[in-house]
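Next up: some structures, all given as structure tokens.
Look for subunit A in each of the two complexes below; its partner is subunit B in the first and subunit C in the second.
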Partner chain A sequence: MIIEIISITMIISGLFFFLGAVAGIIRFPDFYTRMHAAGKGDTLSTVLVIGGIALYYMETHHWEWSAILVALKLLAIIIFIFISSPTSTHILMKAGFDAGIKPKLKENSENNTTSEES
Partner chain B sequence: MKVFQTIIAVVLGALLIYAEADFPAWASSKSPANAGELSQYYIKNIYDETLVPNMVTAVLADYRGYDTLFETVVVFTAGLAIFAILGTGVMREKKTAVPAPKRIYSEPPFDLIVRISTRMLVPVIQLFALYVLAHGHHSPGGGFQGGVILAASFIMLELSSDLRAEAAKLTHRMSIWLGIIGIVIYAGWGTLSLFFGGHFLDYDMLQALFPLDPLMARSHSMLIVEVGVAFTVSSIMLLIFRQLVSGGYSIPDKQA
Partner chain C sequence: MYILLTFILSMLIWVIFSGLLDAFHLTLGVVSSILVSVFSSRILFPNHTSSMGSLAAQSLRFIPYFIWLMKEIIVSNFHVLYLALFPGAMKHVQPSIVKFKLGLKSESARYLLANSITLTPGTVSVQIKGDELWVHSISQKTTESLEGDMEKRVARVFGESLTNS
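This part shows the complex of A and B:
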């Protein structure tokens, strides 16, 4: 029962972070802040949702070995996403910076390219 | 206007959720897609005839072996067509008709994070490709999927590190030969059953090769056939990627 509550909480909070990521992608002003929202929100929320599903699956299948095996496969997906999603965000940011996209800063700040505000 | 879009999204979402109740249950044998006579035959008899739990693999590699054989040939032909259209037609580097521009094969800028994370991920991806290939009898997968995953790992390696050095390890000529080898594995395994008195791609007759019963011979023959498919698919995918990324120039090119 407690495990079920924990897993449902994880899934719902993951969906909440997904909502935040979507709102960030739509609402943020320029390329870098949008990528920031997409990268952070996507990674955390995917991890939360898949972790919650793994917990729920193990609980409803009474912690049998086959269920734990499924949870381990889900854990492998979590590790994969934890490595690949921030890397892809990073390289997209870098490609954008190399292509000359300027971050949108405050109007009275002077050095446009070096300072990195998020 | 935004209100209007929101209304459309909400109504469509509500319709989808409402219609979801009419879907057949997951993996139900009575769903409308399985209503035909042929589908019912497959569902009832596949495990008794081939000992393969995954019906899709059994249908693909055994019942419709001709189809899959020529699908593999189609993949190979697509690779050859792209090579014929984009490539300079000259495999050796010295006879290149047009000198390669210098910007082609410009290496991606060195990035430590990308290099390290690729180094961590690529072995796992390749192992997973072999798993998908070999486990296609029991779970979704098979030669096409495993071959594509294998090719994707090589493409990721080439994109993230030195393209020229990675590409020199497998030239165009070698990847075309690998594609041919895959088709030869498939068609040759089908032809082999001719010598044991069966039809083309009739795996039952191959029990003379295995110390097993004919059903297991069919099961193992599917694996061998899928290995051939994976050879062709992965090498041709890599060939297509190289052609697109290099503008058709052959890769081991020391002039640029």
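This part shows the complex of A and C:
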């Protein structure tokens, strides 16, 4: 019972973080800041949603060996996302940077990466 | 020794993924794990000459780092959530590109640092040019969190000494 409440709380808060990521994609001003929302809203929310599912599955299957194996496979998904999500975000950022998309920067920031014309 | 370690790891992953513990599937797993560990343990552990003890110490030091990283991810995720959802928060979105000198020397330490920066929401490492790491950061607050002690912690995990700062 307690485990079920914990897992449902995890899944719902994970969905809440996904909502933040979606709102960020729509509301943030330029390509780079949108990548922040798109690429990294997933890290914590995936952990929460998949962890909640794993807990729920183990609880409803009475902590059998086969259910724990399923939970370990879900853990592997989390690890792969932890490796691949930052990598793809970084590659997209770098591709945008190399293609010359100008980041929208705050005023009086001390950098010389963008030229003056705008 | 490293071949044995690779064998144990790949065998463990085989058992987790197959879930079948009968003789036929276990034999298949043993055969393929031996083949994989003989041919490619050098990919997993590039440095076969370093001692087993230092690898174990490194793995142990990685655990507190990972816990600290999770805490950072949660804190900064709340910050980005606030930026994205609250109506008045858009004025706090002040993107900037921060460049700082890397004190870390080895490739894997730099990889861990760049990956950790990208994992924490609000900061993305764009590229490494020579000894400079360029980071795109979404607001003033996440920029400040960058200048914290993440690099020192990574250096502690790998037992490196920072050359600058």
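Assume the second predicted complex is superposed on the first by the 107 of 118 C-alpha atoms of A that agree within 3 Å, B and C clash if a C-alpha of one lies under 4 Å from a C-alpha of the other, contacts with A are read in each partner's own complex, and residues count from 1 in each chain.
Throughout what follows, a contact is a pair of C-beta atoms (placed from the backbone, for glycine too) under 8 Å apart; a residue touches a chain by one contact, two chains touch by 3 or more.
Note that the structure is predicted; figures quoted are calculated from it, not measured.
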item: Clash or fit, subunit B versus subunit C on superposed subunit A; value: fit
item: Subunit B versus subunit C as contact partner of A:Gly41, first or second or both or neither; value: second
item: Touched partner set for A:Lys94, first subunit B, second subunit C, both or neither; value: both
item: Partner chain(s) touched by A:Phe80 [first = subunit B, second = subunit C, both, neither]; value: first
item: Partner chain in contact with A:Phe17 - subunit B first, subunit C second, else both or neither; value: second
item: Residue contacts on subunit A - larger count, subunit B or subunit C; value: C
item: Lowest inter-chain C-alpha distance for subunit C and subunit B in the superposed arrangement, angstrom; value: 5
item: Overlapping contact positions on subunit A, where the subunit C interface meets the subunit B interface; value: 83, 87, 90, 94
item: Interface residues, subunit A side, partner subunit B - complex; value: 80, 83-84, 87, 90-91, 94, 98
item: Of subunit B, residues touching subunit A in the complex; value: 109, 111, 113-114, 117, 120-121, 124
item: Touch list for subunit A against partner subunit C, complex; value: 16-17, 19-21, 23-24, 27-30, 32-33, 35-37, 39-41, 43-44, 66, 69, 72-73, 76, 82-83, 85-87, 89-90, 93-94, 97, 103-106, 109, 111, 113
item: Residue ranges of subunit C in contact with subunit A within the complex; value: 13, 16-17, 19, 73-74, 77, 80-81, 83-85, 90, 93-97, 99, 114-115, 118-122, 124-127, 134, 136, 138
